[in-house]
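Right, one structure below, let's go through it.
By letter and in written order, the chains are A, B, C, D, E, F, G and H; residue numbering begins at 1 in each of them.
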Amino acid sequence: RRRGVPEAILADGKTPSEVAELATTAVETAGRAIVTRVDDDHAGAVQRRLDADHPDADVRVRTRANVLVAHAPTFEPPEVNATVGIVSAGTSDAIPAGEAAVIASEMGATVEEIHDVGVASLVRVLDEVDALRAADALVVAAGREGALPTVIAGLVDTPVIGLPVSNGYGHASDGEAALSGMLQSCTVLSTVNIDAGFVAGGQAGLIARAVGAARERDGERE
Amino acid sequence: RRRGVPEAILADGKTPSEVAELATTAVETAGRAIVTRVDDDHAGAVQRRLDADHPDADVRVRTRANVLVAHAPTFEPPEVNATVGIVSAGTSDAIPAGEAAVIASEMGATVEEIHDVGVASLVRVLDEVDALRAADALVVAAGREGALPTVIAGLVDTPVIGLPVSNGYGHASDGEAALSGMLQSCTVLSTVNIDAGFVAGGQAGLIARAVGAARERDGERE
Amino acid sequence: RRRGVPEAILADGKTPSEVAELATTAVETAGRAIVTRVDDDHAGAVQRRLDADHPDADVRVRTRANVLVAHAPTFEPPEVNATVGIVSAGTSDAIPAGEAAVIASEMGATVEEIHDVGVASLVRVLDEVDALRAADALVVAAGREGALPTVIAGLVDTPVIGLPVSNGYGHASDGEAALSGMLQSCTVLSTVNIDAGFVAGGQAGLIARAVGAARERDGERE
Amino acid sequence: RRRGVPEAILADGKTPSEVAELATTAVETAGRAIVTRVDDDHAGAVQRRLDADHPDADVRVRTRANVLVAHAPTFEPPEVNATVGIVSAGTSDAIPAGEAAVIASEMGATVEEIHDVGVASLVRVLDEVDALRAADALVVAAGREGALPTVIAGLVDTPVIGLPVSNGYGHASDGEAALSGMLQSCTVLSTVNIDAGFVAGGQAGLIARAVGAARERDGERE
Amino acid sequence: RRRGVPEAILADGKTPSEVAELATTAVETAGRAIVTRVDDDHAGAVQRRLDADHPDADVRVRTRANVLVAHAPTFEPPEVNATVGIVSAGTSDAIPAGEAAVIASEMGATVEEIHDVGVASLVRVLDEVDALRAADALVVAAGREGALPTVIAGLVDTPVIGLPVSNGYGHASDGEAALSGMLQSCTVLSTVNIDAGFVAGGQAGLIARAVGAARERDGERE
Amino acid sequence: RRRGVPEAILADGKTPSEVAELATTAVETAGRAIVTRVDDDHAGAVQRRLDADHPDADVRVRTRANVLVAHAPTFEPPEVNATVGIVSAGTSDAIPAGEAAVIASEMGATVEEIHDVGVASLVRVLDEVDALRAADALVVAAGREGALPTVIAGLVDTPVIGLPVSNGYGHASDGEAALSGMLQSCTVLSTVNIDAGFVAGGQAGLIARAVGAARERDGERE
Amino acid sequence: RRRGVPEAILADGKTPSEVAELATTAVETAGRAIVTRVDDDHAGAVQRRLDADHPDADVRVRTRANVLVAHAPTFEPPEVNATVGIVSAGTSDAIPAGEAAVIASEMGATVEEIHDVGVASLVRVLDEVDALRAADALVVAAGREGALPTVIAGLVDTPVIGLPVSNGYGHASDGEAALSGMLQSCTVLSTVNIDAGFVAGGQAGLIARAVGAARERDGERE
Amino acid sequence: RRRGVPEAILADGKTPSEVAELATTAVETAGRAIVTRVDDDHAGAVQRRLDADHPDADVRVRTRANVLVAHAPTFEPPEVNATVGIVSAGTSDAIPAGEAAVIASEMGATVEEIHDVGVASLVRVLDEVDALRAADALVVAAGREGALPTVIAGLVDTPVIGLPVSNGYGHASDGEAALSGMLQSCTVLSTVNIDAGFVAGGQAGLIARAVGAARERDGERE
């Protein structure tokens, strides 16, 4: 049985009732629904529908991340003995970073969030070096010029996954400068697409899973 | 003491004697020189220089990967109790894939190479699923449309690092189509820049290091 | 007399009444109106106008494809003794795939639709190989990284027309990654512009027409 | 048994002796070697190697197309009862057009080549309309602004495969303008990547195969 | 005194009252206001303002071109003894083509408009050759693949100004394919920016002015 | 009989002997050969071949423009009663500007060349205003930021054809910045592709032809 | 203590109440809030919130620049003995130019604004040469082809900071042509991102600060 | 008399003898020749020519910067009482950084060069903060992801001019990622084109000139 990255429903571009339908089915078949990029209408529709059909389901919305998660009472969340660090600089990084945090968490990893760490004030970065080194995998979200993952990867030996964020204006905005900078980074890191918090969190979750499994005595991957 | 990704010398754009100078210094200070993107002139110059100054150094060139590695006799290579799989489809992937293999290996990981696995003949991919699942991290190199990492990530729960390779001709050639496809992948994977075998191997090595450390009894990261 | 791809009216960017006017004229002169990229307002206006002026016309809207087709009672649809397969992966491919299906069908081909075939779950693709091989021409719609036409073209000898779909976010979104991947495909296939279901269906219809004509005993193209 | 597009060896980027090795193996295993994008050194090396090892092989080089084909004496070429038309405007289209012609021919189709048909002198196009309509599939090569496939597709009901050619200078040169124009064409046609004569010829060959099979009495595809 | 291209007010991005203010000033100082890219609000505001302040001004709106022209009663329009032809293919070309027509006309040229001339039905183009040759300068508007100016420039010796129009969808849409095709044209023509009807009409007007001045007996440019 | 832009042979990408062959044929059939983008080998081959076959032909090479022109003794050059001004800023503009000058001259126009007019020293531009105004059409070549045609078009009512030149380095080099600037110009001008001196000269020649014909008493275009 | 570029709040993409919250905090902690890219809702929310909490604060909105500045009564603005010139061509440059003016002013520089200086009417530029030379640093805003900073930098020895403005339509619009032109300028100037009035003003302010400090007798930078 | 940025000769794309000619003229008329982007042949030709014609000239080549400077014995270099700091990370930044250093120096500024300051080892950056703050203007060269100017601008109040360097491979290489990152920087800095050391040095020189003039007692700019 595969125990990797969970399925998620991308609400963006779907109607509230379509999303409610898909989320209900997911709760019924997989015991869990994860819905990303929800707006208030999507979240409301899902919540009303689950209230009606599955009043015992546990429904949570992480608003700044635009993610909704519903667990059936019987759902047994995976447990992973490893930590994922989620690093972000400012408010505009909150949505993708939060999306990554939810996914890694739903995959069973312990999630440590480290916010307000910007490359323009290095002292904040240096203050957090110990926390950064304590994680088994790091997701580092950054918009504008996207230099933060490079700076952090230069300070730690933890695998860093760069998460470019779409913001800014003008030339190479919408995350293109950040993506380019992470791909051209003079340190070692891998990257995901712009705003792809789901993918970054999933990849960090897979690393945590591998580390956690190794940490369990048998030393064998499940 | 940092024990992560080793320094490497990028020979491309340097003269043979500059490279020989840098490699000798690396052998003297770090006990090891890793030189990427060497041509025959670079490799010859390094070898002659080390023959003269450090005749006891162990110098190896992986020709298809254009990488040269020299170890001082006193060099103690790191040992990591984990495996990195390096997957490639065809001859044009050999250089970046080989570069990744050398780096992961120099970081102490056991490296398994799986070649001739192309998306146009799925049966070869399916034949290798067990080998793919046995690795702790996978680097999957692919040029042209770059679909291979997507197909493989759909089959395994191992973290997959896509390595886009510059080949082909016409629109979106030189690896751009492959990079775009990996970033837009409908599965979970992270990616590195086009032809960045050094980065892909380094990132896979960092994951292997984390897993290997966890596999050692204490369960603490070094 | 030309019997090839029928004229269609592109509703997008026209007002409902302009579209109603053009559709009525088409019904009057050609016996048929095909309107693509209609929204509810366009469809309503056409339907009301035809109800008034041509109450005997047969008007159908394929909602998920945003296509409206109206036939005058005297319209004699072409008959083509050949099959076009339309393959899609998910809900976001529905509009262009449906547009292609309507056009091929209006050109007289038998249309077989094969949905929910995604590259991330290869087993679904393999399950459909016989159906895929049974078609005389295939339109394969795919968004994101657009790998599906490549995978299918590797399994069949039927001509495959890749139909890139605009979805996703971030770098090379809006179908550019899918288009690039189809152009760089390591198998043999041809492609059309992003979301150009009309063109893909028309080209598949032309192939079906040629095959169907050959299948009629005389072996001559009409 | 698959009888579709034959394997081909892309000489570009390989050494003459690598190409000679691959060609010899192809002759031994498949009875035929098709090598595209050969220069004089590649062709010479293949010819010398086959002269030595397989002196009975039939080796032909189509110089303007940079394609070499070798048949073992036992090789039975496929026979397809259908015609592929290859249209080109000028000397700079010769290589991709010739590549397409060789592939379609090796797939068994009858190939009709129609040259010197440029959009700037329409009368030449109009003179060839009957020849264009007689083909079962058309490959239309065009560089610069790439308008020729659009003009031709407006005149015939044969499936047209646009083959953009890399030439010109300045903005959108190297075939990008031609590719864009074919994708945006206001007629129905499909396209392949810039200079991808192999793909265009292969796709035309697949259509010809389907038509030819239908033309054989049984009306069933093989 | 300069008698060349008149000043115009670009309404797009300005408020109705700003535009009304600027138009009134233009009528007062230059005797004429030309306002391009007006919507209904802009046009209404200008008309009300001029009704109030300059009730004797002659105000005309060319709706399909989104241009408003107001003449003070004292305004003496320039007279140019030459003809500008404005060619367009379909409804989506109407706005830029109409903008060009208004400007050339306001510069004093006789304007001949030739519509519904599409490259997909060559016979319409050929039918109009005499009219095309009769003009002293031609503006040829075209969207999608933008082949029309190339085809026309191959038929006439009149200077052709290509006017790329933003329409279509997918790769190289919004007029980029049309612009690229005109720049790469295998005939001789010059081009202006996408949708720049004002510039195309102004340039054609300048040519007409030069020709018209030459046509006046003295043979001297004014 | 068409009397417009003459045919020219583009030497770039052809072998010296191919070019010599084409040039000889042109001299024999049209009485004139114009060969653009010749290097020394092309020019030498043409000259030797014409010396042998047509020793009475008049062969001239404009070296800084890389253009060769050969006239048969019977060739009667067209005469046009109008002037084309060719403006350039510096040495890197010489090739396209010279190409334009040769073509306009071969079309019969009087050509005035105005060099060393750069936007960074406005006084030079202002000094030449009278010469600029005296021309019937202006070709203004400019590389780097390409501001010169904009500045000049602001000073004259002559039709200006911007000719972007490929030079510079870094972002938007190879003439892309110059082309963009001309398309976005806040004055009225039309443009041609980067380095397309042939097209700019041809378009200026067509305008000169129209003006010249009007200047002849009858006032009718030929 | 750092006395350089002040912090600013980018209102775009934040809700009015978020902005009001951040502005209030800034007034409380730094004695000043600068908010850029405010719309009426943002400005209203900030004003109401400060009216309630800090009725003695001095709040000003520069509407054409979309900037709001609030000073606590205790705030001591920096004083810089130097002048920044802000140059713009037209109304569409007003927002970024105004943003630059506010920032330079808030940094303590004397700000001279010079408007309606367009490259298409050189005489206006020449009229202002003395004013331009009197400044210690110049910010020159320009959209469309962005030639103005190049023309001005050719006339003065003051450091010029080009500020590309997003306007226009068609190819290279949204400021890309202007940015490219400034980067490729044949004079010496530096540039900032498109519409980055904040950055241009900040950089000019830093230069003014350095000059002003030098002007104070001690000749030491603070 | 203008005393700003000196003229320089760009050797790249010119023949050695053309460059020698231009350099000699510059020495004769301006007392100084600055030649950038020289290779050995250019440098040799200039040196031989000046040895012959102006044996008393002082000729220096800064090899790593590919710049040659020649002073006539009568040349009086400008003196500027201010310092320009030139910062670079690695060997590939040497050429543009050196070019900037030479220009600033020739403009009379004191130049301080600070090398081997890379963003991947922050400690080196922090070590240099005092030196960085001591300069009146900073040129910061950086290739790959170009993060260094951002990091430095966050630490100092000196005006920073980012100088993107073309290196790296893959997506956004050749300095595009570095340029994008500097334009999108979350700190305040201005930038120049990729590899435009001449422009960066010239702009820094202009700032130094302004500061130096202010530092002279009168406090007036010359």
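Here are a few things to note about the model shown:
Just so it is clear, a residue touches a chain if its C-beta (ideal position, glycine included) is under 8 Å from a C-beta of that chain, and two chains touch if they have at least 3 such contacts.
Keep in mind that what you see is a predicted model, and the values were worked out from it rather than measured.
Among the remaining chains, those touching chain B as well as chain G are A, H.
Separating the centre of chain A from that of chain F, both taken as means of CA atoms, is a distance of 59 Å.
One inter-chain figure worth recording: chain A and chain G are separated by 37 Å, centre to centre, where each centre is the mean of the chain's CA atoms. Contacts with at least two other chains are made by residues 168, 170-171, 176, 179, 183-185, 193-194, 196 of chain B.
Every pair of chains meeting the contact definition is listed here: A-B, A-C, A-G, A-H, B-C, B-D, B-H, C-D, C-E, D-E, D-F, E-F, E-G, F-G, F-H, G-H. Considering their complex, residues 2-5, 82, 136-137, 156-159, 161, 179, 183-185, 188-193, 196, 198-200, 202-203, 206-207, 209-212, 214-215, 219, 221 of chain F touch chain E.
Residues 12-14, 18, 164, 166, 175-176, 179, 193-196 of chain E are the ones that touch chain G when the two sit in their complex. Partner chain F is touched in their complex by these residues of chain D: 91-92, 167-171. Partner chain A is touched in their complex by these residues of chain H: 89, 118-122, 126, 144-147, 150-151, 153-155, 168, 170-173, 176-178, 180-187.
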